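Each of the two complexes below includes chain A, the first together with chain B, the second together with chain C.
Let's look at the complex of A and B:
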């Protein structure tokens, strides 16, 4: 309980810090910390797979990619000139609506909630014999029962990778021609 | 960043363990938490760490761009190929691919097994075999192993490739400097300009 409350508090504090801070280096570091706290929170919720992914992708790789982006852009956030009242109003209303929406939801860990009652318990029991003794139900679910889904996810990652290559990659040849024609300064 | 001896030494010490952990998550994912996606990201992070500290040319010598871009496609092909293989094998067996398997799993009701032994895409029951029973993975286990391998290869390659793309655009990075160095210098230049 104490750990949960402190992690959630730290998550909120980190989120506010990211929004408020003007130094982009620090903001990137705070997003890494936010992801790491999120991973800890997932571990408390007994979801080690998600925690793994969040720690590796959120805290690790995306932080590095953000730093790589910062190396290409500036270090400081541009000061905003417009008044913050309208955005604050929109965010406040949206936040209030979301909190109002959670009032109807079952309490955390409620064993009468639809999540706990609607799933056929035989599903977990059958998984191990179905998978010839694989103990990890999550892997059996993602890999076998819902193999199509995971194939689709892999295709999404493939497509994303190809898209990034198409948009961002700069061929060495291209660089040379840019240098020779003196367009380098403009393209940067 | 490559001028700091402590960072260089600690990085070199850590990379083997990161790779080992990545492989553990990959091949132990059917027993513990983990799987191809997580393993791929962990493996890629080892390469990215190496690139950050020793520069883009150094990591490209280890994992050339041409190999990485082919691995992106290879992973998806392994996954889809596993599906095609189950379809073809299942059809060749005429839907009796795992009759010999019933005796080993008495708790599996017979009707279930026959029903599942159709020639379906990604139906790993078709991969059942009796070679080195108990040592080599088979059936569902083999299928999950193969597709997780495919996911792992694609994710590793995509993550490394995204890093290459970002780092490759930073001019300083290509000349053997670390990314953080490059970032600091370019931002310092902007500040003075």
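Let's look at the complex of A and C:
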């Protein structure tokens, strides 16, 4: 409980730091820390698969991608002239509505919440025989019961990769830049 | 509001706070990389919202330990028949021999969020590629400066 609450508080503090900091390089680093804290909390929430993915993808790859973008664009954020009152108001109203919505949510860890009672228990019970002895239920679900979803996800990533290559490609007259950006596109 | 109620809902409140921070960064900041960072924070907080709903107190990760894994194949048919579907879903194996009951947290939110995280990095990569392209053409990634240049033309 104590670890959970302190990680959550750290998450909130990191998010505020990201919102307030002007230096983009520091903001990207804080985003990595934010993802890693999120991954730590997921481990406490019994979701090690999501935690590993978040630590590798959120804290790892996306930080590297953002640093690469920073190297190509520039590190300083110009201070905004517009006042933050309107965004703060919008965010406050939306947040208040969402908080109001959480008031009758099932409590943390409640085993009688609809999330736990309205699914087919066969997902967990039959997973191991169906997967020929694979102990990890999450992997079984991801690879088999929701296999088409995972296939669609792969299609999305493929499409994004193609799109990144097409966006960063240059006209033939600019051969020099084409070579360097083409390499970057493939590594994504 | 009692203390149990407070700690029962504390996780949702933090998640809402994180969501709103991401939302604020998206709408208040004019720098495009900052916007992508805001979207990332929003995405992580949505993932956390789903994962936190799948947690069961006293539960463990949905990985079946090897001791049970060994003989669950044979017993599966008999234990499934006697199981009341609407009791508690997350206990998975009623082990007939020692009647040891393991409570697993819900695996479904984890599965859904694994897909979401990976799709999220794909969209982030696409957004960053667009930012690089914009910065090549305009020389800046500040949204208001770009709008000003567009209006002048």
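Quick notes on this structure:
Definition applied: the second predicted complex is superposed on the first by the 169 of 188 C-alpha atoms of A that agree within 3 Å, B and C clash if a C-alpha of one lies under 4 Å from a C-alpha of the other, contacts with A are read in each partner's own complex, and residues count from 1 in each chain.
One rule holds for everything that comes next: contacts are C-beta pairs under 8 Å (C-beta built on N, C-alpha and C of every residue); 3 or more make two chains touch, one makes a residue touch a chain.
Everything numeric in this text was worked out from a predicted model, so none of it was measured.
Aligning the shared chain A places chain B and chain C next to each other free of steric conflict.
Of the two partner chains placed around the shared chain by superposition, chain C is the only one that A:90 touches, whereas chain B remains out of contact. In the superposition on chain A, A:138 makes contact with both chain B and chain C.
Shared-chain residue A:77: touches chain C; no touch with chain B.
Residue contacts after overlaying the shared chain place A:57 against chain B and chain C alike. Within the superposed three-chain model, A:107 lies in touch with chain C and out of touch with chain B [touch as defined at top].
Using the contact criterion defined above for the overlaid structures, shared-chain residue A:156 touches chain C, although it does not reach chain B. When the two complexes are superposed, the chain touching more residues of chain A, out of chain B and chain C, is C. By the document's definition of touching, of the two partners only chain B reaches A:147; chain C does not. Between chain B and chain C, the smallest C-alpha to C-alpha distance in the superposed model amounts to 5 Å.
Residues 48-49, 53, 57, 61, 65, 68-70, 72, 74, 129, 133, 135-136, 138, 142, 150, 153, 157, 160-161, 164, 168, 188 of chain A contact both chain B in one complex and chain C in the other.
Residues 48-49, 52-53, 56-57, 60-61, 64-65, 67-72, 74-75, 129-136, 138-140, 142-144, 147-148, 150-151, 153-155, 157-158, 160-162, 164-165, 168-170, 188 of chain A are the ones touching chain B in the complex.
On the chain A side of its complex with chain C, the touching residues are 1, 4-5, 8-9, 11-12, 15-16, 18-19, 24, 27-28, 31, 34-35, 38, 41-42, 45-50, 53-54, 57-58, 61-62, 65-66, 68-70, 72-74, 77-78, 80-82, 84, 87-88, 90-92, 94-95, 98-99, 102-103, 105-113, 115-117, 119-129, 133, 135-138, 141-142, 146, 149-150, 153, 156-157, 159-161, 163-164, 167-168, 185, 188.
On the chain B side of its complex with chain A, the touching residues are 25, 29-35, 37-38, 41-42, 44-45, 48, 52, 69, 72-73, 75-76, 79-80, 83, 105, 107-108, 121-122, 124, 138-141, 143-144, 147-148, 150-151, 154-155, 157-159, 161-173, 179-180, 182-183, 186-187, 190-191. Of all the residues in chain C, the ones that touch chain A in their complex are 4-5, 7-14, 16-25, 27-31, 33-34, 36-38, 40-41, 44, 47-48, 51-66, 69, 72-73, 76, 79-80, 83, 85-86, 88-90, 92-93, 103-111, 113-115, 117-126, 128-133, 135, 141-142, 144-145.
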